[in-house]
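Two complexes, one shared chain (subunit A), two partners (subunit B, subunit C).
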Partner chain A sequence: MFDLATVFEFTRDTVILTVGITAVLASLGVILCSSPIYCALYLISHMICLALLFLLYNAEFLAVVQIIVYAGAVMILFLFIIALLGGKKEIQENSLERSIAFGLIFTLLGELYLSATVGPTKQIEGTINSEMFGTAKAIGLELFSKHIVAFELASAVLLVAAVGVICLAKFSFTPLKRR
Partner chain B sequence: MGLDWVTGFLNKLWDFTVQSLTDNVPLIIGSVKAIVIAVAVMSVVPALVWLERRLMGRFQVRLGPNRVGPFGFGQPMADTIKLLFKESIIQSSADKFLFHLAPAVVVFTAIVAFAVIPFGAPFEVFGQTIELWGANVNSGILFVFAISGMGIYGMVLAGLSSNNKYSLMGGLRSSAQMISYELTLGLSALSVIILTGSLSLIDMVEAQEIVPFILIQPLAFLLFFIAGVAETNRAPFDLPEAEQELVAGFHTEYTGMKFAMFFMGEYINMVTMSALVTLLFLGGWNSYGIPIWPIVAFVGKVVFLLCVFIWLRSTFPRIRYDRLMTFGWKVLLPLCLLNLLITGTIKVL
Partner chain C sequence: MGQEFVLLVSASVFCVGVCGFVIRKNPLIMFMSVELMLNSVNFLLITYSSFLNSLDGQIFALFIMTVAAAEVVVGLAIILTIFRTRHEMDVDHIDALKG
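So, the complex of A and B:
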């Protein structure tokens, strides 16, 4: 009767396709939605879809980090700011700029479709250790051996950015007196 | 003639069913485990509410609920039925979709986070190795942190969608508090990760076979537990729902079962946090010479920690909001970093 392996492969492909389409739809929601809260939520769902895609391709660590850093830490700050400033709906009006933007989006989508169907796809070269694939160990080894300079430079840049933000925020007010 | 065709078809169907069942044993075991874990975690909540009310009664020198059933066991059931049948009120100015989404996010993330918690060594039944965990994720502890981080959205969305300034304040407070204390939680867990050299919760328990990490890392244990209490929004860190300032915080506008879902989320998070502390610092299911089943050892430790949670609630008053933030950023975080530095140095040497 049925070959179970092909059924499994088919389900897997369907799941991957569904998650991918959801990710694209969510990212469309980010730019088309008028309420900032819903925009942020669409962005979160897009990031969760990306994490699921990582998970479906066995990159477990990357998926978890994607959720912690982007969907968790970064987006919660976005929502925080929206809540503080009060998210008002923006009034949309049909204008020349808007139609140009739509034209651009659909051109890009068309190009994406073309590159997916016609463009050359390349095989991944080099050997992949199947046991370590996608684990924290593999990523750590790669980061701290081959890319150590870039990694450390990135951390220095981030530190400078953090210090800069604190300087710009200027804590000029006098702190409350301790009781 | 027709009968033959039917029996032949039935035979084929039977063969196919048997074949697919035998081919998919891991899938079936996984589904059964998922259902068992979800149901067990949800039905722990009423029992925990009962335990909390009884213990709180004793701590405050009164009896606690004792009228419905023996020892008041019927009380949680009566409460559940009341909450299920209560009218659900949504004020017209609320954002309907987000208002419904928020409690669902809280409960969903709470249950999913429990999926990777192991609660016993694997054993064999009918030639199949049954492992007592939902999923063996390689980066299990990161998974728990990621999912419980998503749980904050439930509270923030509840605050945003209610269109009520107290709810909004509660939502903002909860997000600020949980982001701040997540750092401490992660960094104190990191010292255990350094000792074990693995992100898997199962490896961590196996590394504690001789000595539990609480004896090696007492400071990390303390920091992790404090941050854990703050993460679950329990007293003395229940600022998001501080009654005297915010009415009830982010769930002011919720009634009936949706209100109960926030409570469910909180209690399930409490169980998950106790389980995490047990796995990271108290040696998981290792019983250290006491002849009991591993799973009993694990559940016993978790129940003890839950009692400590309740004990804390009835002992300490709620702390002021600015002091909470100062405590998190200026006391706990530096201590964590120091502890991490020392642990790392010793490990390298």
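So, the complex of A and C:
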């Protein structure tokens, strides 16, 4: 009979493989669809796949944050803007520049993968016990003890962004004159 | 699943994001490609924080999410302002700042 741990490991690996491939396919859908609304829907499915992967790699808190912030707030904002501006289809023609771009990107992919896999990653001993790894409590303890300055700076970044958006949206600009 | 699969998924999504940023002309979809790139880096940080048994990667990913949210809001406001003044959505035609 199979060992229970082996079956568990196999199932986990299968799920990670499936969800990872789905994430890559959804990201391909984002850049290959003509209509912006379908791109946004593909991006939402990509975010949800990534949230599942975060869950499988012991990051429960960040999986929830991913769903709320990205799939919730950011993508709804995108959909509002698409609905406001009208999602016109974009004509995609196959030109030489486009083929050159694809070639360069595949070269970049190969280089990234090779440079990441040649050296071994050293296993280090962490200080977090494994039961609460990735939970909101562990993240909060780490955030408010070691990274408190960065946390306060992040609040400043969000405040500046909010004020900047209000300035951009409130004051109307006159159309630019073409030379 | 091993580190190689994670690296491959992350590198693929990052390259797809770069590709989308290069080949698309709609600024909204270019922004979505930027989101793809940020998300792939987030994924790598989180998986390696799990591999290395250290929470620093997850904290870093949290800050990347914060910056990405701020960036998206400002970028969409700029796109909206451009659309209000120009009434078109093709980045090839937005060249008023070109010297």
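We adopt the following convention: the second predicted complex is superposed on the first by the 159 of 179 C-alpha atoms of A that agree within 3 Å, B and C clash if a C-alpha of one lies under 4 Å from a C-alpha of the other, contacts with A are read in each partner's own complex, and residues count from 1 in each chain.
By definition in this document, contacts are C-beta pairs under 8 Å (C-beta built on N, C-alpha and C of every residue); 3 or more make two chains touch, one makes a residue touch a chain.
Every value quoted in this text rests on a predicted model; they were computed, and no experiment measured them.
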Between subunit B (first) and subunit C (second), which, if any, makes contact with A:116: first, second, both or neither? second
According to the stated criteria, A:54 is in contact with first (subunit B), second (subunit C), both, or neither; which is it? second
Touch test for A:71: subunit B only (first), subunit C only (second), both, or neither? first
So, A:96: does it touch subunit B (first), subunit C (second), both, or neither? neither
Looking at the overlay, what does A:84 touch: subunit B (first), subunit C (second), both, or neither? both
Which partner does A:20 reach: the first (subunit B), the second (subunit C), both, or neither? second
If you stack the two complexes on chain A, which partner ends up touching A:149: first (subunit B), second (subunit C), both, or neither? neither
Go through the superposed model and pick first if A:162 touches only subunit B, second if only subunit C, both, or neither. second
In the superposed arrangement, does subunit B or subunit C reach more residues of subunit A? C
Between subunit B and subunit C, whom does A:28 touch in the aligned arrangement: first, second, both, or neither? second
Enumerate the residues of subunit A that count as touching subunit B in its complex and touching subunit C in the other. 61, 65, 73, 77, 82, 84
For the complex, which residues does subunit A have touching subunit B? 1-2, 4, 37, 41, 44, 60-61, 64-65, 67-68, 71-73, 76-77, 79-80, 82-84, 87, 135-136
Under the definition above, what is the set of subunit C residues touching subunit A in their complex? 1, 3-9, 11-20, 22-26, 28-29, 31-33, 35-36, 39, 42-43, 46-56, 58-59, 61-63, 65-74, 76-81, 83-86, 89, 96
Subunit A residues touching subunit C in their complex are 12-13, 16-17, 20-21, 23-24, 27-28, 30-31, 36, 39-40, 43, 46-47, 50, 53-54, 57-59, 61-62, 65-66, 69-70, 73-74, 77-78, 81-82, 84-85, 88, 90, 98, 101-102, 105-106, 108-109, 112-113, 116-117, 121, 123-128, 130, 133-134, 138-139, 142-143, 146-147, 150, 154, 157-158, 160-162, 164-165, 168-169, 172-176, 178
Residues of subunit B touching subunit A in their complex? 12, 16, 20, 23-24, 95, 98, 137-139, 142-143, 145-147, 149-150, 152-153, 156-157, 159-160, 168, 171-172, 175-176, 179, 199
